[in-house]
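Just so it is clear, A, B, C and D label the chains in written order, and each chain counts residues from 1 on its own.
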């Protein structure tokens, strides 16, 4: 009995072996070159790569891999440029080129670089020795073949296709952002036009902004200076530009009340700009002689040396009001606490999320993130600026609708998967639009 | 002349802005080069402008020294160390290994033992200031302040052993069902949902603000930064 | 009393803070350290390994985060070497190589004091910085020596006895990843998912919340996060390293800050009360 | 580990320690030692920036491509000239010329900002916020959910109506409490019924609790997970919308809108509180690192000889500062 059982087991075992061997032979024997092989220019790129596309084949797995060969001529020596596992690199992995269609998972797409025409560039160092390095000039017509390999078996295709990358005239994958950009342009223009027709629009109160004048007034009463910091970034950053236009307002008030304004700067260009802005304020107030460029100076260009410098000023000059407007990093609390210790009234405004809590705690008023950008419009009361604020609100309104409708539609799309918009489902439509490729 | 002073810069802003926007969508030759080049250009311009700042700095301190104001000694010390740093840093390493900015050079020594030490210390002042700020200003003035305070406390206490003792006591002795009250769970909830929501909203709003601001600038509506006429 | 509470001088607070930081550095406090399951997950995996089996330690942190990560590095080294495991270090950041050197020197000196000489190439080895991110890891997975070629001193890896009969990553029993950025995701993708080597994460406190997802997904055996995690690990090895000391200070300071907040509000509320009363009178 | 000669390292450590102490002394009050440290630091960092500007920007990107490279790239002369134009700031007459290069820089950054921000923050965050609320297999409009849904809607409608009509304000706390709790309770019940009870029935729960029938246990857990995920998604959605609303400028926050804005504020406060508590940890370890440097790297290894010199230097400086101080006082009294 038992013996027979054993016999069966042995038989089954051998059978299994035979089958597996046969299967192995099968797979390794018939390596097939993928069909429908083509080389195309990579869509919407700056012309430095090509796409190799071929069909998905049966029996793809991670121990079977595709190889791409490259050569400079039709019948020249082809060398391997890329190798990837055969169950990877489907068209569906690259939404930026093919979108979210179902069919994308039926073909492979692999990005390959062409052969480049190089030129030498000689660089002479101060020591006098000359180094030569290569620089790309333009891509050449290059030929590609595909091969497939499994284990030790390799099979290279015979058809060699050629391609040369072209520079495309448009980034299709950025269509969505372009759409939004143009749309926002539109509403900004529209609302600016409208604001010029009726300048007095309603704006809700923002306590921090109303406090600015109050702080300046208080400083003048106490006959103490005012300190204004434009933050971490150079004038090129938008937050700094907004800060500067708030500074313009502050400077105007200061010039009227005839008190002193100290602006320690972290960036040279920002410094010169601040000087111009403040000088103009004094000129408009009719007392250019009162302007002292020495009060608007460059302290130090490095984060913490700037911090330490401003701290020292606070401790020595004891300003009655400190303004911290712009982007701030770790130094935020150091500045704010030192200022609080000197008993100054402090108004902060920053767009850097992680510093807002510290400003809220340590300062008297804090403009939260985008309020900083709105402040100049509030203070300037210039119809055009207010118009742009309106436009912002409209933009928010649209984001609302997009959020709500989008969520509802997607939720529905889950329940009714086969509802079609144009040729893609709602799901894909929305996904398509709100995806960064 | 007035055109050159006022209009021309605005026109340049407009041109550059629009060109770079186009370059973002058009990867073809003139634009793509513009896109690549501009950042390098900015670096170069900024590099030159560093001198502006230094000149301003030198001017201020030179005034101090010339007028012999009290504490001009510090200014002198500053000059000396600044000159030394620049000299050792700019001279090429080919002359001697103590020059240049390789590790082992004087420049790096100064950087490591003065600059790094000082900046690390200033940075670490934060720990002290956080303490004083928490004591001085972290008050339950209003509902909002209270919420903020409680959240901060939960997150802080949740990260130290005592917090965990509390949490374990909660789950082990009072009831398994209270697991959601464990401080670490509360913390992770706070960090994963309300925080994320707020951050997103703020980012979205900021995004809109940025776009409209940059439009204001490009269209020359916001031109305070240009300063006055004269 | 209220007066006193409501206006403690800043400097007193600063002084208390300083004391709170310094005292644990000078005299150990042995504050209780609760062992979390995340840290256990790492410790047990390493503790379970038989003597003589190899472990790969990845140094993916920059010098900036040394104070936080180095204690972990030392702890895990001690653990492995005291259990006679063979430690191979590799780095994936250019700056990481230096850290590995520093830690190795310390450990070697320490064991010499104990009278055990750690031979480089037999007990420990440092592959140094290997460029090429995912490709590098994939390479290690298939052919470890072929990918490394030389160690950080330029020695041929085939000459190192520690790597004798090492084919790929799966000849290592465990992978301890010391990181201060998201580089661990590469190891998870290309080492765990493909080769299946068990991974433990040793990361900064800031990174920790981010990788809990991987822990839940079972891609990590555990997480040692920040000073806290390090101190727990040291507790498990029952010695008091810099992490435990740092953690002492940190605990005290957190408590101190919490107390400050409470005192501040307590006095504030009392004042409010008084003011109200006065209004009634 | 140091790349310097031992004496250099020791000297460096002493200087570093001195600077550290000097900076910390600022916590007590402003003093000459702090002033010295401050000026040294500012000097070094400025010098450092100059060197970096030379080594990373001007030399490799301007001088090399124009002068030391064949073929040279003359295009690079343009930014160089712009950079030089910045110096016209020194001369009032022609200072407007610098505006041209300034204009280029600002135009460039604001031009880049707009599309990049749209791509990077608007689209990305919208995309990650817009996701289906329910999972198909875990949602059903069973009788309970419909009932609760109707009730919830009713309460919501009542609340909104009353608030809008300003009736809500002059109600007693009791009635308010009923109204609000009704809103909250039934909304939650609706989701519980719709999501949780979509796969399990009330009977199952009864059996589980009273009969100890554990057969449906994993289904219970799955349902709970589904419910929680829906809940979390709702939290995020509500948070985003309310906070976004808080930043409306042209709409006054009153009546219902006040409530919305208030919710927005609460969400923000949760964020700020969490951020505060979270940052404390990292900051503290910085101070610890500094103290460790003082004690372990400086005090412990230092020899008596070094101490003598160090204290000597300290004394000399102190005397100098005292003298200076006195001279100032005398000059003031005159």
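Couple of notes before you dig in:
Basically, a residue touches a chain if its C-beta (ideal position, glycine included) is under 8 Å from a C-beta of that chain, and two chains touch if they have at least 3 such contacts.
These numbers were taken from a predicted model, which means no experiment stands behind them.
Contact with chain C and chain D alike is made by B. Ranked by C-beta contact pairs, the top interface belongs to chains B-D. At the far end from chain C, in terms of centres built from Cα atoms, lies A. Spacing of chain A relative to chain D, judged by their CA centroids, is 17 angstrom. As a whole-number value, the distance joining the C-alpha centres of chain B and chain D reads 11 Å.
One simple way to say how far apart two chains are is to compare their mean CA positions; for chain B and chain C this gives 28 Å.
Touching of two or more other chains is recorded for residues 10, 14, 17-18, 21, 205, 250, 253-254, 257 of chain C. Annotation for chain B: residues touching 2 or more other chains are 21, 24-25, 42, 46, 49-54, 57, 115, 118-119, 122-123, 125-128, 130, 132, 134, 136-138, 148-149, 152-153, 156, 159, 191-192, 199, 202, 204-206, 208, 210-211, 213-215, 217, 225-227, 230.
Those residues of chain A in touch with two or more other chains are numbered 126, 174, 178, 181, 184, 235-236, 238, 241, 269, 272-273, 276, 299-302, 304-305, 308, 341, 353, 357-358, 360-361, 368-370, 374, 389, 392, 396, 399. Remark: the chains found to touch one another pair up as A-B, A-D, B-C, B-D, C-D.
Those residues of chain B lying in contact with chain D across their complex are 4-5, 8-10, 12-21, 24-25, 37-38, 40-55, 57, 70-71, 73-75, 77-86, 89-90, 101, 103-104, 107-128, 130, 143-145, 147-156, 159, 187, 190-208, 210-211, 213-215, 217-218, 225-227, 230.
Contacts from chain C toward chain B in the complex involve residues 8, 10, 13-14, 16-18, 21, 31-34, 36, 205, 209, 212, 228, 247, 250-251, 253-258, 260-261, 263-265, 268-269. Every residue of chain B that touches chain C in the complex is listed here, in rising order: 127-128, 130-132, 134-140, 149, 152-153, 156-157, 159-162, 164-165, 168, 188, 191-192. By the touch rule above, chain D contacts chain A in their complex via residues 23, 26, 30, 35, 38, 41-42, 44-46, 48-49, 64, 68-71, 86, 89, 95, 98, 102, 105-106, 108-110, 113-115, 118-120, 122-124, 126-127, 129-136, 139, 237, 240-241, 244-245, 247-253, 268, 271-273, 275-276, 279. Within the complex formed with chain D, the chain C residues making contact are 11, 14, 17-18, 21-22, 25-26, 67-68, 98, 101-102, 105, 205-206, 226-227, 242, 246, 249-250, 253-254, 257.
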